[in-house]
Amino acid sequence: MSKICTLREAISSIEDGAAVAMGCGLESLIPFAAGYEIIRRKKRGLTLVAPISDIQFDQLIGAGSARKIVAAWVGNVAAGLGHNFRRAMEEGIPRPLEVEEHSNFTIALGLKAAGMGLPYLPTRTALGSDFSEAPHFRAITCPFTGERLLAVRAVAPDVAILHVQRADSEGNAHLWGNLGVVREAAYAAKRVILTCEEVVDHEVILSDPNRTLIPGFLVSHVVDAPFGSHPSPTQGYARRDDDFYFDYHRQSRSLEGFQEWLQKWVFGAGDHEGYLDLLGKERREKLKPGRELCSPAVNFSV
Amino acid sequence: MSKICTLREAISSIEDGAAVAMGCGLESLIPFAAGYEIIRRKKRGLTLVAPISDIQFDQLIGAGSARKIVAAWVGNVAAGLGHNFRRAMEEGIPRPLEVEEHSNFTIALGLKAAGMGLPYLPTRTALGSDFSEAPHFRAITCPFTGERLLAVRAVAPDVAILHVQRADSEGNAHLWGNLGVVREAAYAAKRVILTCEEVVDHEVILSDPNRTLIPGFLVSHVVDAPFGSHPSPTQGYARRDDDFYFDYHRQSRSLEGFQEWLQKWVFGAGDHEGYLDLLGKERREKLKPGRELCSPAVNFSV
Amino acid sequence: MDYTLKELMVVAAAREICDGEVVFVGMRLPLLGFAVAKELHAPRAVGIFENGVIRDWPALAPIFTMSDPPNVSRSLSCCGLVDVMSLLQSGRVDLGFIGGAEIDRFGNLNTHWVEENGRRVRLPGSGGAADIAGLAGRCIIIMNHERRRFPPKVRFITSPGYGEGRGWREGKHLKGGGPRRVITSLGIFSFDSESREMILSSFHPGVSIEQIQRETGWRLKVAAEVSETRSPLAEELAAVRKYDPKGVWTNN
Amino acid sequence: MDYTLKELMVVAAAREICDGEVVFVGMRLPLLGFAVAKELHAPRAVGIFENGVIRDWPALAPIFTMSDPPNVSRSLSCCGLVDVMSLLQSGRVDLGFIGGAEIDRFGNLNTHWVEENGRRVRLPGSGGAADIAGLAGRCIIIMNHERRRFPPKVRFITSPGYGEGRGWREGKHLKGGGPRRVITSLGIFSFDSESREMILSSFHPGVSIEQIQRETGWRLKVAAEVSETRSPLAEELAAVRKYDPKGVWTNN
């Protein structure tokens, strides 16, 4: 049963107020195309979940889609602060924002707990950090050693939006490169929406089962979205578009600048195809990876 | 700095009384060659750690190497009971045996806990199972939800002996096929001894970093041991030798029969090369996989 | 009969699998049952194995263990034991097949130790059975039906069924639904939704209820609508024989 | 001087890495420092990144983030965040580099919020810094040295140093060794083994102790053997420039 659909259909399945994990590869594999469509579909009251999301959360905050952030870091990795995040936190613009503060490790453990079907996981990190005083952490004691540990409450998103290199029509997905918390998010969420560089035959998936990090039975929608992580990189398919981040940083400094940015790149583009047109062929060509560096085959012979 | 050495050197580094994880791929990748060398080197008082080990633990128990088993299952997967395990448990022959009882999931969590640097991990499994009354389990309560859970004490072996498809001289290892608890054991143990089908150039490792499941800095010894998992399979290199298991089951039914088996296949063979000679070329050829089923390349281009 | 008892059991196992379900398979008869279900009424079922293999079609060749190369090659996903057990613990596994050396009237299984002639016999232990028994959406138990294997109360609970009956699983905080069916060499049992006791729902062709009672260590409860086990259909038998052409697993 | 201040800082960072060590690298100056150390005195050092990348040689091309393809391709291992953090939490990481918006005299770092002109300014948060600060064998902190960034006590502890001094980390059950060195744009600090307070151990060429005091929000402790920071050697500078030929990171 094919789960392939348009980006619009996939994003329309997300309800206002949902908890959405996205940007789980850290600085790569960020599903920006899906984020833009969330803004176009005017989703409201979302809880956004990821360790760091580079500028994705800043965009969604500025567009008014987010009510709450569950994250370790919100900003612009190459350029510094996130201006929309600041405006929301400091002035409630465009609306007030709640933050469940984490470190990279604790949010990963929160997702991992949910994906393991557990209400919490213990850790030794974040002890002594002021943010660990928040109610999603609890001081606990090891029942064997008596050691003091920190319990991290499970983080169970309603949906995880994940960008991957290739998937079949049932949502079985191959990923490579750095994996961040992609797998943890896929297991933690009630369901997964995939955007992918390529939809491939089921046969391709079966030919290398060790790369199948997301089994299709966790997935509800599969969207064919080449360059869907732009401006973030996808190993083997797209380089990072550094200029895009710097331009965004400059333009989003003022609220008006951000609105203009949004008007051009999100609403004006209309959809992912329009966005790619707007980027232009030349820029897209520059972002394509260079000389192939292919993995050697391994033998699954029986 | 090369860590390549002989099987004898690697096994000699294990001290009497050590806790040794081996057989962590479940029914495949079992480091039988290393187990035989443990018997030849007359190691004593070992604690053996694995979910199931097919007949490997039965062999080591019969040879008198083991004092304690930390496992979920000890027997002969295709043929049934483990005769040496029964003799040790029922009659103390050749010596009494202590068992730390687990399920597959709880021992995996024990290893995972150690590998994460934690003294325990919580779970919902084994509640209501009589073996969970043992002191390596404790009833606990979730600090957030109040739910009843089970704490599994960390299992931290002194050494993990892992058979892998390929490794470089520093111990960076590529694995594929089913992974069992190989990775958990590598992270949990104080150090890792690798036996591998092939020693490859560092370049091969770098060409597919997603297959590197064990980084070399966890590894102390690398042994070039093709067919080192015989009679268990290694995906892409060796089929399962079913007859070997059935023969073992028959011969080990009596203590005398096991002694004869041991004399022939372990002491008589003298070393891994002698063992392969004893198997014979024809049998080895039959155990080699058939037509290649190669994974397609993925692109790591930048 | 133009089929063997084990073929009947395989078919009964296959019938328990619904389309699209995620199934912890196990070896031998359930493995065949999974193949039969995939072939016939459950083409979209997915099989999970404790070693980390997830498959959406049967192994490429007959296998003795779940880690044999034909069960690994061309699988949907190869991951680790913690991954598949996480799927189980988080409620993603609809169904699991398990067995044991002993079963009691509340469906508890023992694979740790039994007594024979007053002598303690040590068995292999849980493996993943306790995990599946506790956490799968529902469990199907497959057993040889002999009186010594059907005591009123197992000596040791390896894999919990309904413990001491009604409310016991809830009291133990077990997340999975517990045993749904016991498929034995003599008949098929379900469990009373109130008392949680095993109830005979069908007897295999040629087997009498009295015979089943003789091989059972407690006073048998029989369903009002008890009937003969439905014989395998021709297409079911064909599917069994496609995957076990030499009868390695299904010859009596 | 025939080198920039940032080149000096990169070289100082590189000198902290011993051969064979496993290092949580981070971006910018420490990333360059790692490359310099690999090139010169620590060829067997291994770099770990929070996104799951483990490398034993520098990225293939200049990068802005640790997930840029040149940092991923031809790495030693690509795994997940939980994997590398597990290595950290289990004591396998010898050294980590971190930074912050504010640091206080016990080496505590704040990257959550500060005040500017009485107005609260929200910063990005911890990322992985709190994890590294708590769990790495030892930490090296890299900071721009300005008085507003060096208050006596940070407003918010994101990444703990020695807290309130002696015994504080132990009381918090922190497993890692804590900050070993602070490399600033004015000098290099170590920590008193008793009081756990920052101590100036060297001032950069051309910088006076008085100047450092002026840019520090508390009464500076100065090591008895304080000296000028050792200038980069020619080979050290050559290595820096090999990896940052255009001075993207190291131009002042």
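The chains carry the letters A, B, C and D, assigned in the order they are written, with residues numbered from 1 in each.
Going forward, contacts are C-beta pairs under 8 Å (C-beta built on N, C-alpha and C of every residue); 3 or more make two chains touch, one makes a residue touch a chain.
The structure displayed is predicted, hence computed values, not measured ones.
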*Tell me which of A-C and A-D has more C-beta pairs in contact.*
A-D
*asked:* Can you compute the centre-to-centre distance for chain A and chain B, using the mean CA position of each chain? Integer Å is fine.
replied: 37
*asked:* Just the number, please: Cα centre separation of chain A and chain C in whole Å.
replied: 40
*Which whole number of Å gives the spacing of the CA centres of chain B and chain C?*
28
*Return the residues of chain B touching two or more other chains; collapse runs of consecutive numbers into ranges.*
117-118, 123-124, 147, 149, 176-177, 179, 207, 210, 235-236, 239, 289, 293, 300-302
*Residues of chain C that touch two or more other chains: which are they?*
53, 68-69, 72-74, 78-79, 82, 88-89, 135, 175
*Pairs of chains that touch, anyone?*
A-B, A-C, A-D, B-C, B-D
*For chain C, which residues are in contact with chain B within the complex?*
27, 49-53, 64-69, 72-74, 78-82, 85, 88-89, 112, 119-131, 133-135, 156-160, 163, 168-169, 172-175
*Within the complex, which stretch of chain B touches chain C?*
25-29, 51-52, 54, 71-75, 77-78, 81-82, 85-86, 89-90, 99, 101-106, 108-109, 112, 123-131, 147-149, 176-184, 232-233, 235-236, 239-240, 242, 245, 289, 293
_In the complex with chain A, residue positions of chain B that touch it_ = 117-124, 138, 140, 142-145, 147, 149, 151, 153-154, 165, 174, 176-177, 179, 204, 207-208, 210-211, 235-237, 239, 289-302
*Could you please specify the touching residues of chain A with respect to chain C in the complex?*
1, 114-118, 172, 187, 205-207, 209-210, 212-213, 215-218, 300-302
*Using the touch definition up top, name the residues of chain D that touch chain B in the complex.*
22, 44, 46, 53-54, 60-61, 69-70, 72-79, 82-83, 86-92, 135, 175
